[in-house]
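Two complexes are shown next, each including subunit A; its partner changes from subunit B in the first to subunit C in the second.
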Partner chain A sequence: MTDLLSITIPELILVGAACVLFFLGCSRRTAARGVAAWLALGALLSALVVSVYALFSAVAPVEMVSGSLRLDNFGRYIRVLGLAVGVILLLLAWPTRADRTGNSALRFGGDVGEFYAMFLLSIAGLLLVAVADDLIVLFMALELLSIPTYIMVSISRPIAAAQEAAVKYFFLGALSIAVMLLGFSYLYGSTGQIRFAEMSAVLRGSMEATGALPRWQMFGVILVLIGFAYKMAAFPLHFYAGDVYEGAATPVTAFLAFVPKTAGFVALIRLLTVVGGDHFKLPPQILTFLWVLAALTMTIGNVLALLQNNVKRVLAYSSVAHSGYMLVGIAALFPHLQRPDPRPLALSGVLFYLAAYGIMNCGVFGVLMLLPARDGRDDSAETFEELAGQGRRHLGLGLGMAVCCLSLIGIPLTVGFLGKLMLIRPALAGGLTWLAIILVINAAVSATYYLHIIGVMFLRSEGAVDEQGLSGEAAMRRPQFAVGLGVVLSVIGTLLFGAVPPAAQILTYGAELGAEISCAQPIAPPATGPGRLAADSP
Partner chain B sequence: MAYLLLMLLFVPAAGAVVCALVKDGRFAKGVGLGASVICAGIAVALLFGFDWKDANPQFGVSLGQIGPIGFEARLAVDSISLWLVALTALLQMLAIASSLHGIRERVREYYGWMLVLLSAMFGVFMARDTLLFYAFFELTLVPMFFIIGIWGGPERRYAAGKFFLFTFSGSVFTLAAIIYLGLQAGRFDIDVIVERAKSLPAGTLIWVVLGFLVGFAVKVPLFPLHTWLPLAHTEAPTAGSVILAGVLLKLGTYGILRFVLPMGFVNADLGVLVKVVGVLCVIGMIYGSLAAWVQQDIKKLVAYSSVAHLGFCVLGLAAINLEGVQGSILYMINHGISTGAMFLVVGMIYERYHTRDINRLSGLARRMPVLAFFWILFTLSSVGLPGLNGFPSEFLTILGAFKSKHLGFVYGAVAAVGMVLGAVYMLHMAARVIWGPLKTPEVETEDHDQEENPLPRDLSGWEIGILVPLALAVVVIGVIPGKMLNTFREPVIQLIGNVNAAASQQTVVPDAPVIAAKER
Partner chain C sequence: MSDVVLQQYLAVGAILFVIGLIGFMTRRNLIVLFLSTEVMFQGVAINFVAFSRYYAGLDGQVFVIFLLVIAAAEASLALGLIVLLFRRRLTLDVDAWRELKG
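Right after this comes the complex of A and B.
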């Protein structure tokens, strides 16, 4: 059991802090609630320190298996990534006003304890997804991640749109979970295994025996993929993105754009390891499926983003497109045509892009939160009209937005450029030339709407600012130091990891290290017999 | 001396940061001008410190690397790059100097973006790593987008967006090709990449070369991809047009010279590609000239003339012989000088009369003899009058086309027609605007013309000071082009040698007498 403890220290810290926060939330005293955010930050930071220490202390990266958990370098990387971006996300959601304990973009009223508890639980769910080693734990981790997000959307601000978004997000989420569970049941039914290592052995056994995956297993894998697509906001289940991202308060939107998406990709990579083994020897149908998924996701995301008039909706659909880019890396996981193995390139590319996307996206949402709405609402800017000319007025914020948007386009000297590079590399190495070309065309298309954001902020003059708007703004603009700090961290990260070679090298090494993933059972040989294979048709 | 290259990169960047931080517009002006003057000084120091006998890149310095990708941020210049660096430094200094009077709003931002642009342009010419080259190549878009979009004419927002999107869309294909080659070679070093490309099978190589070519052809721009150019040039503020025409277009030709020429044009299997590029060039020349002829807006006329001129420039590269390539490199420099100068003069006219309409301006020589002198000088330079700088480069590119294996007589003949057409529209415009009866529009006085320092009727001393260096360059290069041609003879011969090695044909002996004849 010490083993289990040592594996799950960060998760335990987060869950423990969440429990304390639930109690704090019940307190009638404002002061008690005032410490909530600090407690959450402390939990995240200490978990981060532990994870970073674990990453560096494991000189020979050991795989640790305990019960249903497996901590390999992949899990370590995701853990550090999730916690580090989680800190920035928490800064964006920092309460700055004592009277209402929410910043201008986020108004959860008295539910402060609950909000941060949900926040921590969701991140703990993400970390658990990365270390899950059987179907049950994976499912529970995904639910631990998802259910708090539904609540966070609904309590994030007291307007109808947020409630509608929460309901929509919840019902579609439940649908996707159901689809995923159906897939899980097929996988379990056809292999008779719960643990990944053993399930993998069965699946690969049948692959080697017949040269293809049996029909029901394939069906299960596809269903699970579609279920994960919801978390990633990828093609068949992407359409909720616009409404949900718009309805949720901006800090929660930033959260949704990173945490569930990362979890989706982590789970997807795990699933593919299970199906294909450590070398991703996957059936060609899955390759084709992922190829189509990637191409459709990025194209549809970009086209929908072009049509929006609300910046948050633009960012929502662009986040769909970014999932598509990462799916290109996933599709490149397959060894192809006797070429040099693109697998390490592909995995490290996806992991790098996850980090890059997390960093730059936080910056964009953070700037959006700091810019005031035009019509005197006690709220943050969301539409292009509200952004008009703001770059002139707030030069620092404008430049921050410009840097992050350029990074999302993939302009050099930003982390987004390196990310695109790291995704195009495996695609070309794996022979997916057309997919790479679709990716670069999509990058060019995405430049249109990101440039529109920058253009509106810097090139348009401000619309008529009515006096009421100005005075309202002056009244509400308290220094939102924490949010500003979050934006500064994101912008610095975007430039640092993109333009300073040593820093970029650290992140690429990290991603390469994180690409060491395995699902072989190091302790006991898989207990499978030929009899289990017969359980093919349920 | 290597630190000088670093200074070229970081002095403007630091200046830009200072401009963003200070509150005072005047101080930003000083920083902008100061940084660009320092860079020009550094460029001069490099010109003197350069070992002209050595064909290899010099002053190499590394900024660090990203191991897993195979990227190393290495800077160095050979003689071709060095001349372009010098051109950039000169033009940017003059462009900034020319904006001191015209740019009145958002001054700090303006000089900040100008300095970022300067740094990026230096980076393109100094990079010895393909990814670094690409990084700076793309980075030039951002400041230019803002310069056009904020300080440009009435259509500025549309022009800025079109400029960015056109160029970016082209260059993403270049990125894909670069990454492909980098994967094959394991590194992104320019020489390694080019060597690796040569050993690719022709079926693959053609796609890689096309990928490179698309990005560069939009930037140059070659004929069907040029539509962003007249708009961007016309809408940009004066300094923006100067830099756009003078330097940014050269990024495309420089890219073709560095990558497409040694990888693609030289390959005997890709002869068709050379022919296609040649056809696009001559179409661009004729089309650009005809379009320029009918323009009513002087700035638009000069913009279309750039389309025609860059046709010559790329045609020289497509000729793949010593005359053509040398002529083309000289063309890059000359076009930068004379077209940059013309945009400056147009800007000076515009500041006085607030119009660039040929129909509303006439006989300016009567009122502004000094301006007329410079205008005619640069027009003649652009037309290619022997004795001025335009002539040797135009002559050599056409000669190269005539002598080329792939192009030959027809291309040369059409290019010669293009040269004549160039004379027609330039002189047509000069005749109407400079000579004839004096006609100027009533200057509207409602805006900022009544403030503390109104412009004199003719050019001020400051404006003359801006134009004199360019006029000197026009004359000096025109009188002794051979000296300049010789400086980049060795690197070009390296390319030519590669040409013949790759095409496995008899070595074409460089035609020394032609060069020698041009020296006088």
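Right after this comes the complex of A and C.
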């Protein structure tokens, strides 16, 4: 038992820095804009230091006296993960233009303070999702995460496509939040509890009594799962991904592919802990639902990715496919009869894959940012034609892209291979043989478009690069150390965690620590009596 | 509050939600789309208040207060985004926006 301040130090650092950034945003000076990025970096790094210390010195879960916030090892791991990848994402969004109004892909103009404030608030939302211990905090944390992302998409570059993407993202986001809230209201209504500890006791009680969840509780859980699917970019709410990822500036796209997705998985895992308790004793219908969701998400994501001509759209739908892979790990959380419990393996597999995906993803989008567009517009490359031959012209970037793409396919010696291995093993141990087979087939299909990206960069001829294209090229030659550093960090991370055993062991150890998730014990016995909604009345 | 009364409130909440959902799927005007999402939120709010009253607790009502705050924040954001779009094309019709296919 401890108080609010000591649980939420990293979040408070981020939110405090965001408040200062809003004031800095009022200034019109170039110097103030330069300070803004450093301030954001300082906040992320100091929060990261606090969180790493907390992860490796942690013992028991701590919770607030009044409930509503609870920090266990799962939450500590997500903090470290979110902040570490957040630092790389910030490097990709570093303002390297001389007047500090953006970089090769990002053009937020004078809104630099606001942009970084939104960036920090959104990451603070992700961290809060991991420590939420009741429905209200979970809802507020998800909104703290989402609302800044809409604004980031809108101000990321001054073109119509970005604003259209923001509106699309916002409206579908509002729809998904409404569906999720309807699910929350039925969960609250059918259990009478708003805190996860008590709600979990009621849900598990009805599971033990009848062997299944009552109709309304099941309905609530399914609605909430559909709402989370939007955040994860999973079927059935995956279709926005292509448009929104294409419209947003590339660093923001990288942000969207990691932060909301991680939050969706964190919230999903938390919800499954609430429904099934520490041992994930979940009703078979939910297993079937997740099975179908995983299979459809990865297949649809890969098929749609095959059909695209814009590299950002390919990566958008491949990000849908990666959500599907992680859902395989989620489906493997269910204890299977007559087999050893694959649960800790499955959960640490998902957590490992989240980290792996975050790193490779930053690398791919970072390289894309540094390659110039060829039609003379002041932007980075986005289509296959613009990538043609650039791997030979910029050898380092080409190799970085190749490493990250191979890792996204899951070629050995990269972190993506280890990640897929850690998802397939528990799936097989848990008896989900077919799902594992679908995953492997999908990984093979995904090789088609990832290898296409590499092939276009190295094998296709550049075509005629006209004067306009070369002037764009010259503009791109401005040194972008910060962005380059972000790319180098991600490529090194991809190789280091995949090919060097000690480093891989550290990440695995972190993920295993993070798999120690637990649901709080109710303070008071769950409410019963006439107030409780009977199982079959609406 | 008896079970019957609760069911009536829940029915109103569900009907509001479905009206909002249908509006969201069928209307083409950005402002009306936004109103539809608000109607869905209010349907959920009625659910929460009814359940809260049913259990004679305050949890649900606290949730509704937070929900209204978020709805207000989203309203200001939505109107801002819509104004930005309107300045570019001088129309609120969703179909006028086809930069991004899909």
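Assume the second predicted complex is superposed on the first by the 506 of 538 C-alpha atoms of A that agree within 3 Å, B and C clash if a C-alpha of one lies under 4 Å from a C-alpha of the other, contacts with A are read in each partner's own complex, and residues count from 1 in each chain.
Please note the rule applied: contacts are C-beta pairs under 8 Å (C-beta built on N, C-alpha and C of every residue); 3 or more make two chains touch, one makes a residue touch a chain.
This one's a predicted model, so the numbers in the text were calculated from it and none came from an experiment.
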> In the superposed arrangement, which partner chain does A:H394 touch: subunit B (first), subunit C (second), both, or neither?
Replying inline: neither
>> Let me test your reading of the model: by the given contact rule, A:H279 touches which partner, first (subunit B), second (subunit C), both or neither?
In response: neither
>> Going by the contact rule set out at the top, does A:S185 touch subunit B (first), subunit C (second), both, or neither?
In response: second
>> With both complexes superposed on chain A, which partner does A:F239 reach: first (subunit B), second (subunit C), both or neither?
In response: second
>> Identify the residues of subunit A that lie in both the subunit B contact region and the subunit C contact region.
In response: none
> For subunit B, which residues count as touching subunit A in their complex?
Replying inline: 20, 63-69, 71, 73, 106, 109, 131, 134-136, 138-139, 141-142, 145-146, 149-150, 156-157, 160-161, 164-165, 168-169, 172-173, 175-176, 179-180, 182-183
>> Quick check on the complex: what are the subunit C residues that touch subunit A?
In response: 3, 6-7, 10, 13, 17, 20-21, 24, 30, 33-34, 37, 40-41, 43-44, 47-48, 50-51, 54-57, 59-60, 62-63, 66-67, 70, 73-74, 77-78, 81-82, 84-85, 88, 97, 99-102
>> Can you tell me which positions in subunit A touch subunit C when the two form their complex?
In response: 135-136, 139-140, 143, 147, 150-151, 154, 160-161, 163-168, 170-171, 174-175, 178, 181-182, 184-186, 188-189, 192-194, 239, 242-243, 246-247, 527, 531, 533-534, 537-538
>> Show me the residue ranges of subunit A that touch subunit B in the complex, using the header's touch definition.
In response: 348, 392, 395, 399, 402, 406, 409, 411-413, 417-418, 420-422, 424-425, 428-429, 436-437, 440-441, 443-444, 447-448, 451-452, 454-455, 458-460, 500-502, 504-505, 508-509, 512
